[in-house]
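The same chain A turns up in both complexes below, where it pairs with chain B and then with chain C.
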Partner chain A sequence: MGTDRWAYQSRLRRVDPLPKLILSLTALVVCLCCGSGAVGLATAAAMGVLITALGGLPPRVYLHFLKIPMAFLAVGCATMLVHSYPAGTPVLAALPVGGRLWGFDGAALAAAAALFFRALGAVGAMYFLALNTPVTDLTMCLGRLHVPRLLVELMELIYRFIFVLSETAGSIRTAQASRLGYQGLRRSLSSLGTMASLVFLRAWRRADRIYAALESRGYAGSLTTLPGDYAPGRGLYPLALAVAAGQLAVLFAERGVLG
Partner chain B sequence: MTTQRNHRLLRTAALLIGLLGLLPMSASAMHIAEGFLPAGWCVVWGAVCVPFVAAGFLSIKKKVEMAPRAKILLAMCGAFAFVLSALKLPSFNGSCSHPTGVGLGAILFGPMTMAVLGLIVLLFQALLLAHGGLTTLGANTFSMAIAGPIVSWLVYKLLRKAKAPAPVAVFAAAALGDLFTYVVTSFQLGVIDGGMARYLMVFAVTQIPLAIVEGLLTVVVFNVLEKYSKTELEALCVL
Partner chain C sequence: MNPAIETRELCYTYEDGTAALDHVSLKAERGRITGILGANGAGKSTLFLNLNGVLTPQSGEVLLDGAPVRRDRKGLAELRRRVGIVFQDPDDQLFSADVYRDISFGAVNLGLPEAEVRRRVEAAMERTGVAHLRDKPTHALSFGQKKRAAIAGVLVMEPEVLILDEPTAGLDPQGVSGLLALLEQLRDGLNMAILLATHDMDLVPLCCDDAYLLGGGRVLAAGTPEELFRQPGLLRENHLRLPRIAHLMDILHDKDGLDAGPAATIGAARREILRLLKEEER
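Right after this comes the complex of A and B.
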């Protein structure tokens, strides 16, 4: 599902999740705080290089994942782009509506572009974590960071059950579709509603069975597992610093060029 | 002068046609994407969520201490919320979208539990599906797991108190919770540059039909649940 499949295949899979988390988060925070389009673009490129070179992800797949948040970004930036101007202002493109011009000028275009690339960089930084770390490693790492035990356990259980339930939902959907259950809006809605409620019902009954199974194996209120063996991955700390330094260098270069 | 204006109109028309292609895509774009909010607002929305999530966590903790079975059930509910939000929802204008599950979750599990489960589900959506993000987790949690469910829950309780028939209450709760989520999202985006009205306009075009569809879907789900799983629903009231 999504990034998960690639995270398990990553060459960094056996590396301690903590340095990966730190590298990803520093790049993300620096990219966000700089708020510049050039830094965002540089971050997305640098993360692409790291993910493909260290993690062994095909570049094509990285580009595919970068496209996912595109719909939101395009609409959000387009909305940010459009302003209303008094008639006669020099603008790049505008429609006259009610005596005012609705469109954008150079400054608005630059601001929207900066926002777009900043978000792209942030998404790239997040992918370094998501495409190299399976969720189970991440939850174990959160436990080490003293996130409450109950919350971590809920996350682990939810992660496991997501796959169980989406399989159920998938097979019900196939069965419905093969009986023409998705012809037209009305029938689609009724099929979808039936499917959702049946998935809920099965989830509920399954939870009962899982609880019975756990209890019969000596469940005492908490699921304890052994932590996996990780490579220390200390090399990622200086790499995180290098990435942050590179981002700041791009920022200063851009400021120097413009100012 | 006239040729210049003609050129500008031509350029604008070309852009507008391009943007029309984006509208159906925006239907699935309800999560604020990673990196879209400035750092300050990320912190603000994160801080706003803390009391709600903490209250929800404490209430879950109490329930789990009373009945250890509740932990497994709550986890199943969380996974259900994730799977629900991954379903493809048909819409009037032919575009596809995903239900938010705001109304259904709030009515089934209550707003307190929803805050914690919503936080976890949104985190997984950010990591696994790249819907939303780590820095915008606070903002998304507030709109989808706190504000929307509270409105849904209040609407449902009020209408049931006022002796409205169950389907009407469920429909109103789901549709209004859905709409309120978008109002909050518009506010979160608009407050950055003062363009809230523009975001509301864009969302209104795509989200009002979706809210109606989600309301209808929730009614269907409730009808089936009422028919086949009375005992589970009663157990849920205890949970």
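Right after this comes the complex of A and C.
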């Protein structure tokens, strides 16, 4: 949970999650709708500035997080980039295979680059949310937006108990490894299977105890809680507008330059 | 004055036929810490779930402040407000990844106005010393911190009776001292009735004012801790033992023929030994 750890340290941590969500979504939607690489690049840059300036994230960390989806983007864009052309077509780079040219021309390169930067911009917009908002605040906010309560409560419980379960799994694994349970493929697979079934059983028993604990605190069908005090963060609304305006300005500038 | 909580002839049998509680009658007074001693499987946890209405006894009754508890929806809600349980494993109790929100849960369930919920959450965090953890996710807390957060989540309901199941299990020695100080503060400051299950015998003379010995689902002995320590045979039969200090004083008395009286804490033993030394001088 790399992003969550930074979200708890963000200076925007105590800001109401709703404006953060809205800023992220506006930037995301505008970036996707413009369909332009320049806008995507501008969005990623703008989000980087906001995350580092407002949230206090070190720029190095933001760049690191941007690198993570790079591999997916590169693979996805490569398939957009490469086409097959009839022999004799003017191309930028290509290999002749069986009488046809496999490679790309200027238009394909432009299209692939646009897609790549658009996706990068979208990722940047989502990072503004993920790097400034802990998951619990986000689910709380979804509840306020009338997402069904059952769904929200499930998300919250799953998020909480991922850590408990992974701790359980980790300690079982250590116990197995300390008795040579992971030497060789056969033994590893058998140990892994035992661990999975044990984790399941323990989760099952724990569920009973959690239910008893909830009941003893007056649980009556809903996990309603009160969040800590939020700063209103109304300043983020005009900021969201400004970002959208900037994105559109980049779009028009690009159209103007290209004629 | 009526005891804060009392059980009369409480019986509880699990679905598979094991009798977990067999005519248990006990009481816990306000402003006192009552220890429930017993080995694993003696019925401590079942007793506590009965006291708080999570389990319903087959026969017998639970009385709060002298009045029998009704088992309808309103009666149960009332019971859960007035009797809070802190479970042994805080990971079973903390269901939210946000410390503040988890603590607020019980108070929200009472239907209190927001300002009152916030006041209680702040007060509970202050009392248990977890106020500085409010910005941390639950999974980043240490075991001792989780325990304190779990206690805060119960205190927020402002119960009259606080039940703790093996509260010191898994805590380091300083964590144990901190917890004892907190319990004493709750007992003396808020005049709470505190029930705690333990098989850590060295803890008993330090914090318990009264004690019950539970075995096989029955109350085998009751009294002050000192009275229970006079029956070392009974304790041993139930997989318990005397506190180390009490054992030492016992040996000094029985094997070494010293005229040492019983003492279970360091302070009491020190007084006793000094008294013996002074007599020797004379």
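The working rule: the second predicted complex is superposed on the first by the 230 of 259 C-alpha atoms of A that agree within 3 Å, B and C clash if a C-alpha of one lies under 4 Å from a C-alpha of the other, contacts with A are read in each partner's own complex, and residues count from 1 in each chain.
Operating definition for what follows: a residue touches a chain if its C-beta (ideal position, glycine included) is under 8 Å from a C-beta of that chain, and two chains touch if they have at least 3 such contacts.
Here the structure is a predicted model, which means the values were calculated and not measured.
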| item | value |
| --- | --- |
| Chain A as common anchor, with chain B and chain C clashing or fitting | fit |
| Touched partner set for A:216, first chain B, second chain C, both or neither | second |
| Chain B versus chain C as contact partner of A:189, first or second or both or neither | first |
| Contacts of A:246 with chain B and chain C, given as first, second, both or neither | neither |
| Vertex chain A, arms to chain B and chain C (CA centres, degrees, nearest 10) | 90 |
| Chain B versus chain C, judged by how many residues of chain A each one touches | B |
| Touched partner set for A:56, first chain B, second chain C, both or neither | neither |
| Touching partner for A:225 - first (chain B), second (chain C), both, neither | second |
| Which of chain B and chain C A:8 touches, first, second, both or neither | second |
| Touched partner set for A:159, first chain B, second chain C, both or neither | both |
| Contacts of A:198 with chain B and chain C, given as first, second, both or neither | first |
| First (chain B), second (chain C), both or neither touched by A:135 | both |
| Distance of closest approach, chain C and chain B, by C-alpha atoms in Å | 10 |
| Residues of chain A contacting chain B in one complex and chain C in the other | 4, 135, 157, 159-160, 164, 206, 210, 214, 219 |
| Residue ranges of chain A in contact with chain B within the complex | 1-4, 25, 28-29, 31-33, 35, 40, 65, 68-69, 71-76, 78-80, 82-83, 91-95, 103, 115, 118-123, 126-127, 129-130, 135, 138, 148, 150-151, 153-155, 157-162, 164-166, 169, 182, 185, 188-190, 192-201, 203-204, 206-208, 210-211, 214, 219, 221 |
| Residue ranges of chain C in contact with chain A within the complex | 49, 52-54, 77, 80-81, 84-85, 87, 89, 91-98, 100-102, 104-110, 114, 117-118, 121, 134-140, 153-154, 157 |
| Footprint of chain C on chain A - complex, ascending | 4, 8, 13-14, 134-137, 140, 156-157, 159-160, 163-164, 206, 209-210, 212-220, 223-229 |
| Residues of chain B that touch chain A when the two form their complex | 8-9, 11-12, 15-16, 19, 22, 25-26, 28-29, 31-36, 38-39, 42, 57, 60-61, 64, 68-69, 71-80, 82-84, 86-87, 89-90, 92, 104, 108, 116-117, 120-121, 123-124, 126-131, 133-135, 189, 193, 195, 198-199, 202, 213, 216-225, 228-229, 232 |
